[in-house]
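Quick one: the structure is below, and I'll ask about it shortly.
Chain nomenclature is as follows: A, B, C and D, assigned in order of appearance, with residue numbering initiated at 1 for each chain independently.
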Amino acid sequence: MTALTWPQELAIRSALALTVVAFLLGLFSVMTYIERRLLAFMQFRLGPNRTGPLGLFQPVADGIKLFFKEEFVPQAANRWAFIAAPAVAITTALMAVAVIPYGGAVTMPRFDLLPEWLRGRPIPLQIAHLDVGVLYLFAVSTLGVYGIVLAGWSANNKWSLIGALRSSAQMFSYELALGLSWVGPILLAESLRIEDIVACQAGGIHRWNAIIQLPAFMIYLFAATAEVGRLPFDLPEAEAELVAGFHTEYASMKFALLQMAEYVNMITVSVLATDFFLGGWHAPLVSLQSAAGVNLGLLWFGGKTGALLFLFIWLRGTLPRLRYDQLMRFGWKVLVPAAVMHILGTAAVILWLTR
Amino acid sequence: MAETILFYALAITAFSAAFAVVLQKSALGSAFALIVVLCSLSAIYGLLGSPILATLQIVIYAGAVMVLFLFVIMLLDVRREKGGGGPRSFVPLALLFAGLLVLQVGAVLVGSELVPQSAPFDGSAKAFARRLFSQDYVYVFEATSVLIVAALAGALALARRRR
Amino acid sequence: MARLLFEGLTRVFSIEVLPWLALMLPFGGFLVLSLFGDWIRKDREERGAGVLSCCTVLLSFLIAVATAFMLGDAGRDLEQQRQSLNLPQRQGPYLPFQAYLAVDWIDVSGLSIPVALLLDRLASVMMLVVTGVSFLIHVYSLGYMARDEDRVRYFSYLNLFVFFMLLLVMATNLLMVFVGWEGVGLCSYLLIGFWFKRPDAAAAAKKAFIVNRVGDAGLILGLIMAYHAFGTLDLLSITDHIGGLAPERLGELGIVTVIALLLFLGACGKSAQLPLHVWLPDAMEGPTPVSALIHASTMVTAGVYLVARLAPLYRQSETAMLVVAVIGVLTAFVAATIALVQTDIKKVLAYSTVSQLGFMFLACGVGAFGAAVFHLVTHAFFKALLFLSAGSVIHALGGEQDMRRMGGLARRLPWTFWTFVIGAASLAGLPFLAGFFSKDMILEGTFATGRTAIFVTALLAALLTAVYITRLVCLAFLGASRLDAEKTAHAHESPWVMTIPLVLLAVGSATAGFVPLPDMLRPVMHGAASESRAVRWIPYAATTLSLFGIMLAAYLYLLYKETPARLASALPWIRRALEAKWGFDDLYNAFVRRVLVSGGRRILWRAVDSFLIDGTVNATARAVGSAAETLRSAQTGLVRGHALLVLGGAVALVVYLLWPR
Amino acid sequence: MSETLLRHALALSLALFAVGAVGVLLRRNVITVLMCIELMLNAANLALVAFSRSWAAVDGHVMALFVLTVAASEAAVGLAIVIALQRARDTLDVDAFDELRG
């Protein structure tokens, strides 16, 4: 297999990126439908079931509706910032996806249609192989604050502003615990590459970080839920207090973009949980990894991610919302110390074992 | 080739955004321009072979410092700067000094000999960490953590509303 | 389990650990008393402090006894080890033992000083004396200080003193000796000024401290010179390697002589030798047990210990030996003469101490180091006994110290009287008491050197010793009572906690002379043969002299009581000289007042300090002030202006760096 | 990364530094001044990284990290001071804070 020239490399990466983004956007629209239906079932309702069979076309209808709504900017708003905010939000949300592996490598078929250098080449399902992938994720997730702050501030509306401040403070607080919960798996894998962390968990369920790093996994789940602002941590959008938080003034496509950013974040967080703690595309038992000569990695990966997404919806249907001071106290006084202690413990055990 | 194109694009972006930082009338505009500078610098670090510094630049600067700036700007509701006032003689003097500095250092830069890639350069996270946690820097590194705690306490003490 | 326990115990109670235990116990007592003293003071009987203090010292004493016995075993083990390892044999049976737990105290280039303890026979003997006498005096203090408010402070100081004294005698190197030296000096200062509300006591404490500083200056200089000369401060290394240096003859002033003399200056300060003896009589302002412990039996002998410890060093220099001998014998004589005319019971004993210390230095000076240490030990017994008995008298009389208002106490205080008499006889050198053996040995050694003048002076001093101590006995205990009626009624024998130590010390004073100490110590001193050469007639002559002195004093002070007064009026200048204590105090006073104070006032204060230093400082301040006045206009307070200046400075700096050179 | 490119990176660093310095001198809003200082620090960092590359030693990166830390601390304290100033004086004009004149 010859090495690739940089235009070829660029082409592969671009195609991958386009695929991933398209897939994410599709998943977003499906998720809106699934979430509404599932929530409805949990609450003994039916949910949207009119548009198309079982209401399956509901996301399409929503999309069309949002697309044709009037573009509106409040008079007192800072116009440019108001328009830029959703773009920033969705951009940062999509940027995070770049370094996440989605399940092993896919070998290109030997079709004549394909150019010579593509035939039979295994392509890893990951857009960028970054040496500091985890750090990059952390960086991008910190950037996510900008979209929210901008959106809240530019609307010149006190609900928006308070919502944005709360939201950003919450994200800051839980980002710390989120980042610290990754350190355990990083220590085990001795690498900042996400694919290394996944590889480190190969070989069965007992190697998964969810098992041997259970406290980190718990911390990650708490922090991630808060990070994406889902119940029970959806204080920024506490409609009883803040109308709708930072996106109160948004409508039409800009609202759709913000919404999309949130869902993409949720999906990202689930994918990350799969990669970091649930063994990525590795099956719980080695014998289940492939069937009839076909590698089932992608399937396992999708299944785990789906389960986590379901968990988020389940939480939303079950739990009440926290108070703001409870939220902050939990983040700073419970999660962060616990994460630090866990890191110390992990480091000590590793040192002791490799002595 | 791609590297060169990318570098010049980023350099031009950074430079013009830096100008915008200085020339913008509103503090918020300056802040956004600065964010652009920071992000393009981060990319340049990546080009220069330091992915770790590139990401750290984003995490610390774009992720923390600039958000802090934005918070303060938003909280204090900074109005547009009043033009004029103050000693006028500043502008020529400032420009003169800055120009002199550029000339001097530029002269050094032109005359000097850079020796790039005399040895294979390893800017990976591992190499970086090995150097950082070596005997030479580990105490400095620990000292910076003390510095951060001190800064944190100082900031709290300063910004707290006194009763 | 039992075996483990046993092994652990043997490891703890080994000769490597026990000396540390002995050392740290009194220190622990000090810590407890000084930190929790207030709490202890609350106990009803108010004995706690004293009992605790006594117990620590008793334990230390027991450990000292144990280590003294173990020293022989350890030496044998060491010798076997040495033989099995084919190491060169050390000359003689002298086997020092460095107690372990040695840690580095100072370790800079070339200078390495460990904290370790040295245990050999000399140190062991000193340990026994220090802890033994200390223990008895601690017990005595229980009674003597029973009514004092500050007992806790008293006992804590006493414990601290024991700690420092043990540190001094067990130190492996001169710097640790110095630490102990200063420590005991500090305790001495604190205890002399124990009743600091009395101006006399405070003044005496200060005097002791200041006079000792003079000696300490010599000690420090000697220490530095020793390091310069030998490259080490380790006592054993110094004494072992001294033989490599050429011996220095009389009149020669080489490095060894200089070191020896400087160290001897330190010893003079601590051991109250001429001309630095003036502090010791004043130090009697402290409580009497303190006088007995610190200013008679232990601390003041530190100088003798130092000289004896460095015996090989002193042997190398004839000049130093002669100086030591002359100073010693002069001190012995002068102090004995002053003691003749003192009326305060404690002052007599104080001068007696100075005199006896002079004897010890005389012994050192003539090369009889073993005799010096021997006399040190016996003196510790009988002088502590004498002081404690005197304390018992003072206690009985409610604080009366003037012998002219005593008399006839023998019947009222029988225990005190008889123990005092034993001590006095031992001091006077009556046959078969402790003082007899040690003093004879000193006289023999002196005679052996063949310096007749020194020998005759020493004999005179011995005679005077018998005279003044008999005078003391006669005035205080015998003859008619001259007490006030009120005090007579109160006079009573002391409680048992005070008399038991007296009895024990009396036993010691009577029998300590039979221990063949000089022979035991000879290896430590790298002994020469001269010590053992006995001269038959000297014991008889000394005994005759003592008896003559005793009878003379009895004749003068019991039978013909007006004779001393007539003698005094017949020889007025001698009387004046003696009562003025040979004028040392006046001389120092005049020196300090005329030279130091007035010189300091005229030259250092007015010329140097007021004019030169103050003038410089004021001028600087004025210059800065005027400069600031001129420069302040540059301080615009404009932040941007300052920033501009910073940038300009950066530009200027780059110009400077780029300037072609 | 060729030598020319490195040279140009250093030139960029110089330019950014000069622009930042001019900004510090000319702007009157305290917050903007602080941002210009951050700009200057970043210019220094760029120089450090470039030199690190040119000497093939990672030490420059380490120092850049320390600069980053110091910059973050400086921003925190500086902004706290800005808030305190705003509270005390109700203005953010640098020229208004001139109590320290002689």
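Criterion: contacts are C-beta pairs under 8 Å (C-beta built on N, C-alpha and C of every residue); 3 or more make two chains touch, one makes a residue touch a chain.
All of these numbers come straight from a predicted model, not from anything done at the bench.
Chemist: So if I look at the partners of chain B and the partners of chain D, which chains show up in both lists?
Modeler: Touches both chain B and chain D: C.
Chemist: Which chain pair shares more contacting C-beta pairs: A-B, or B-C?
Modeler: Pair with more contacting C-beta pairs, A-B versus B-C: A-B.
Chemist: On a CA-centroid basis, which chain has its centre farthest from chain C's?
Modeler: The chain lying farthest from chain C is A.
Chemist: Just how far, in Å, is the C-alpha centre of chain B from the one of chain A?
Modeler: 29
Chemist: Measuring centre to centre with CA averages, how many angstrom lie between chain A and chain D?
Modeler: 34
Chemist: When the centre of a chain is set as the mean of its C-alpha atoms, what distance in Å lies between chain A and chain C?
Modeler: 83
Chemist: Can you compute the centre-to-centre distance for chain B and chain C, using the mean CA position of each chain? Integer Å is fine.
Modeler: Chain centres of chain B and chain C, defined by C-alpha means, are spaced 71 Å apart.
Chemist: Name the residues of chain D that each touch 2 or more other chains.
Modeler: 21, 25-26, 28, 95, in rising order.
Chemist: For chain C, what residues touch not just one other chain but two or more?
Modeler: 638, 640, 644, 647
Chemist: Give me the residue numbers in chain B that touch at least two other chains, ranges are fine.
Modeler: In chain B, residues 52, 56, 64, 86, 90, 93-94, 97-98, 101, 105 touch at least two other chains, as defined above.
Chemist: Connecting every touching chain pair, does the picture come out as line, ring, star, complete or other?
Modeler: Topology of touching chains reads as other, fitting no named class.
Chemist: By the document's touch rule, what are all the touching chain pairs in this structure?
Modeler: So the chains that touch one another pair up as A-B, B-C, B-D, C-D.
Chemist: Over in the complex, which chain B residues touch chain D? Could you list them?
Modeler: Checking each residue of chain B against chain D gives 3-4, 7-8, 11, 14-15, 18-19, 21-22, 27, 30-31, 34, 37-38, 41, 44-45, 47-50, 52-53, 56-57, 60-61, 64-65, 68-69, 72-73, 75-76, 78, 81-82, 85-86, 90-91, 93-95, 97-99, 101-102, 105-106, 109, 114-123, 127-128, 131-132, 136-137, 140-141, 144, 147-148, 150-152, 154-159, 161.
Chemist: What residues of chain D sit close enough to touch chain C in their complex?
Modeler: That would be residues 21, 24-26, 28, 33, 94-95, 97-102 of chain D.
Chemist: Please output the residues of chain A touching chain B within their complex, sorted ascending.
Modeler: Chain A residues touching chain B: 6, 10, 78, 81, 130-132, 135-136, 138-140, 142-143, 145-146, 149, 153, 161, 165, 168, 172, 192.
Chemist: Would you tell me which residues of chain C are touching chain D in their complex?
Modeler: Residues in contact with chain D: 631-640, 643-644, 647.
Chemist: Mind pulling up the chain D residues that touch chain B in the complex?
Modeler: It is residues 1-3, 5-12, 14-23, 25-29, 31-32, 34-36, 38-39, 42, 45-46, 49-50, 52-56, 58-59, 61-62, 64-66, 68-77, 79-84, 86-87, 92-93, 95 of chain D that touch chain B.
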